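Once you've had a glance at the structure underneath, I'll fire off some questions.
Order of writing sets the chain letters: A, B and C. Residues in each chain are counted from 1.
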Amino acid sequence: AQSAVNITGLLDIGVKYNGNPSAGTPTYAVARGNNNRITFSGAEDLGGGLTATFGLQHRFEPDTGTLENPSGGTSRPFWQGESRVGLRGGFGWIRMGRGLTAVQDPNGAYDVYGVATVASLQGVLTAGFNSDPAQSNGAGGGRVNNGIFYQSPDLGGTVLRASFSPTEGVAGYKHRHTGLSAEYKAGALNAMAGWEKNSAGNSLVEIAGKYDFGRAIAFLGFSHQDTIDSARDRTGVAFGARIPVGKLVIKAGYGRLKTKDFVGSQSATDTVLGTGVDYLLSKRTYLYADVARLKTAEGSTALTYRQATVADLGIALTF
Amino acid sequence: AQSAVNITGLLDIGVKYNGNPSAGTPTYAVARGNNNRITFSGAEDLGGGLTATFGLQHRFEPDTGTLENPSGGTSRPFWQGESRVGLRGGFGWIRMGRGLTAVQDPNGAYDVYGVATVASLQGVLTAGFNSDPAQSNGAGGGRVNNGIFYQSPDLGGTVLRASFSPTEGVAGYKHRHTGLSAEYKAGALNAMAGWEKNSAGNSLVEIAGKYDFGRAIAFLGFSHQDTIDSARDRTGVAFGARIPVGKLVIKAGYGRLKTKDFVGSQSATDTVLGTGVDYLLSKRTYLYADVARLKTAEGSTALTYRQATVADLGIALTF
Amino acid sequence: AQSAVNITGLLDIGVKYNGNPSAGTPTYAVARGNNNRITFSGAEDLGGGLTATFGLQHRFEPDTGTLENPSGGTSRPFWQGESRVGLRGGFGWIRMGRGLTAVQDPNGAYDVYGVATVASLQGVLTAGFNSDPAQSNGAGGGRVNNGIFYQSPDLGGTVLRASFSPTEGVAGYKHRHTGLSAEYKAGALNAMAGWEKNSAGNSLVEIAGKYDFGRAIAFLGFSHQDTIDSARDRTGVAFGARIPVGKLVIKAGYGRLKTKDFVGSQSATDTVLGTGVDYLLSKRTYLYADVARLKTAEGSTALTYRQATVADLGIALTF
């Protein structure tokens, strides 16, 4: 009964500024920073080293009370974050359902901004890769439907992950998602490398690491997206640092993402240059402020760039 | 983790009778009285007098299992009731997200029926005012999206509230929501006054009070809605009493709402005259029965009135 | 407050195989077996033998994170499983809201597969009966909206149930749902009989029983669906057994469902022949594997049969 379910969550909301908004988007908005979520999870000890597990993560927009991305081609299912049942033992952890792929599961820890704030480099690290274009909730944020997920036990500091999703007869998507990654943690060093292929046949390679020098944590990451028709292949590089100073954490980062044949045979390069500061109110709650300069390619017949200064000021808490 | 989240709720369902239903609506229906809800909330003591807070309130229809108002122009988001994150301290309480405006937050306590039952006078007290017509979930029940909310500490019996919502570029809605209210509580007397303007530029003034004479609580309230084009301005007055008799609470009330230029230059006056009784099964649960006579203006080319006797019989509980 | 709410649930996901899928459906899929759910429920002791109760059951698809049956004519409301408020006392239990009918509430216990797995005989036992076609979420899985439900106290081993739902003016559905059932439990014998009529005027009779011989539990059930225009009347019979062997439970069953006038005046008979095994990991968690041979009538102008071997392999847990 109730003893078996844990309810946890993350809330993050603030004011966002965009100095050069596209048509129909505002200069100032109240909006989420990170993805707001409530998670229902549990684990049952089955004896003999076996554990049954489940995790259900709802996502929502705190500024409007709707599901995450409530409309359009990237609208999310209610349990967007995760809906998985699993079995854990000496062999590792096998789960089935919807969840982050082998590559996209660990990689959030390698964005200097933790996949939040206007300065986030996650888009560079994942090359904007869509793990499951066959599902109707298109760009599912690195997740696959109908997935089978494996995570190895800790093998002397290394954890291996694999994800697989059968095609389920969606017209036009004949490839099966397959993902593999390895993550290594030893003292001050964390590093990961992974590869995945999505239902359209496109693939992503990501290599990332971070090192804790004590006074600062340095981040570095590479991504390459290889499309099945070689058009719009993308290559990204991101680096940054987190510097704790008392109750403050100073953050800074830079990323660039090159897209091949963006317009005709012309390549384009998006960049993100940002900095910010977190003020820790407790272990679970902090205020944040960030500013970034974004350069984003636009145009279908002629390549142009939209340059914008963006900023945010908000509060994030976990429970 | 789980220690930090409280799950509370309100359920209210019964049988409703309408003696003169409009076309396509039934004479008898199983339906909610009050708005059914589940709330996930929490507070974290940050030390130094500071508290981080969150509140997420889901609303639903208990007779059909759907979200509140599941279809049409007033369909609700999943977290219709509230989705707010806040910081509370000696300065008061600042919250961001979706929630009741400064006027509509306290005013439910000034309806003799507590914004429930077929005899509710809440429509008169708020003059049917839509706090955020720019949002797609139109008549959001006194709530604004993208809101910033302030509530003062208790200033010698008075609490001040303010709400603000930036425009976020929705075509046709160029006004920013702004709301202000003051509520005063001293012994037997409770009173409030407030003003707000919505995203269409229309404004609402509400003044209401109640006094506990011991044998009865008397209620009185006024509202005035001022539309930006002066058409369909609305003025309401409501009064009533709650009389506790052992485990019973007898309720009675009257309200009238005058709408200017309802048809051409012709004004219309809706009235609600009702009475009811609650039977307290515990501090958290009661049975209720109510009957009311409604007179409601109709017609676009000629003014007519629909007169109907309505009644309900139901059960409400909180958890 | 929180002490009053219980959060429980059931998760069931696995790999399904269909050896002869219809167009657009896959041979292999990751999918739910049983209906995945989270339930929020509670009971308040009101004294004097009275208890107030509530139950809210959310249903979802664990493979995609969406609500149950997310699209098309059988899409489900968020609280698909149940949304009911009730009062329980010496007189029995009265509930209002959305929930299983008097017949469909107890009958899940009479399917040898517990209304789960590819070999389930529940479709035969309920003759594919739709308890509330008037509601937009069509085939609601044996549930009615706007229901009033009665369950008697235990009358010497017998429990009586009744369900009722007023028409609420949905065009074309002038009948009120009415359902009645009796269930008898005495030692090794469980049995039920029930009748219901839906909003279209069609009726269902179901008689089912099971007997625990110690080494095995035998199941037997009959159904008859009587349509208001006598077309497509359906008659079903199902039988099977569950045989516990240590941590294993072996399951086997057979069902046939005859549909009158399937094509013109030609009747059709669907059959299900299946077997499977559960491996109990704990009292709350098990692995399962099943295989069945399905023969299903198709065609609108000429009667044909689709024959398919189907199988599943999955994990189910409750919390």
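Assume a residue touches a chain if its C-beta (ideal position, glycine included) is under 8 Å from a C-beta of that chain, and two chains touch if they have at least 3 such contacts.
The shown structure was predicted, so the numbers you read here are calculated from the model rather than taken from an experiment.
Student: Same residues or different residues where subunit B meets subunit C? The copies count as same if more than half of the interface numbers are shared.
Tutor: The interface of subunit B with subunit C is built from mostly unshared positions.
Student: Cα superposition of subunit A onto subunit B: how big is the rotation, rounded to the nearest 5°?
Tutor: 120
Student: Just give me the whole-number Å value for how far the CA centre of subunit B lies from that of subunit C.
Tutor: Roughly 39 Å, centre to centre.
Student: Using the touch rule from the top of the page, what residues of subunit B touch 2 or more other chains?
Tutor: Subunit B, residues with two or more chain partners: 7, 78.
Student: Per the contact definition, I'd like the list of subunit A residues that touch subunit B in the complex.
Tutor: These residues of subunit A touch subunit B: 6-9, 11-15, 21, 24-26, 28-31, 38, 60-67, 70, 78, 281-282, 284-285, 314-315, 317, 319.
Student: Across the complex, what residues on subunit B touch subunit A?
Tutor: Residues 1-2, 4-5, 7, 40, 42, 44, 46-47, 50, 52, 54, 56, 77-85, 87, 96-98, 135, 145-148, 165-169, 171 of subunit B touch subunit A in their complex.
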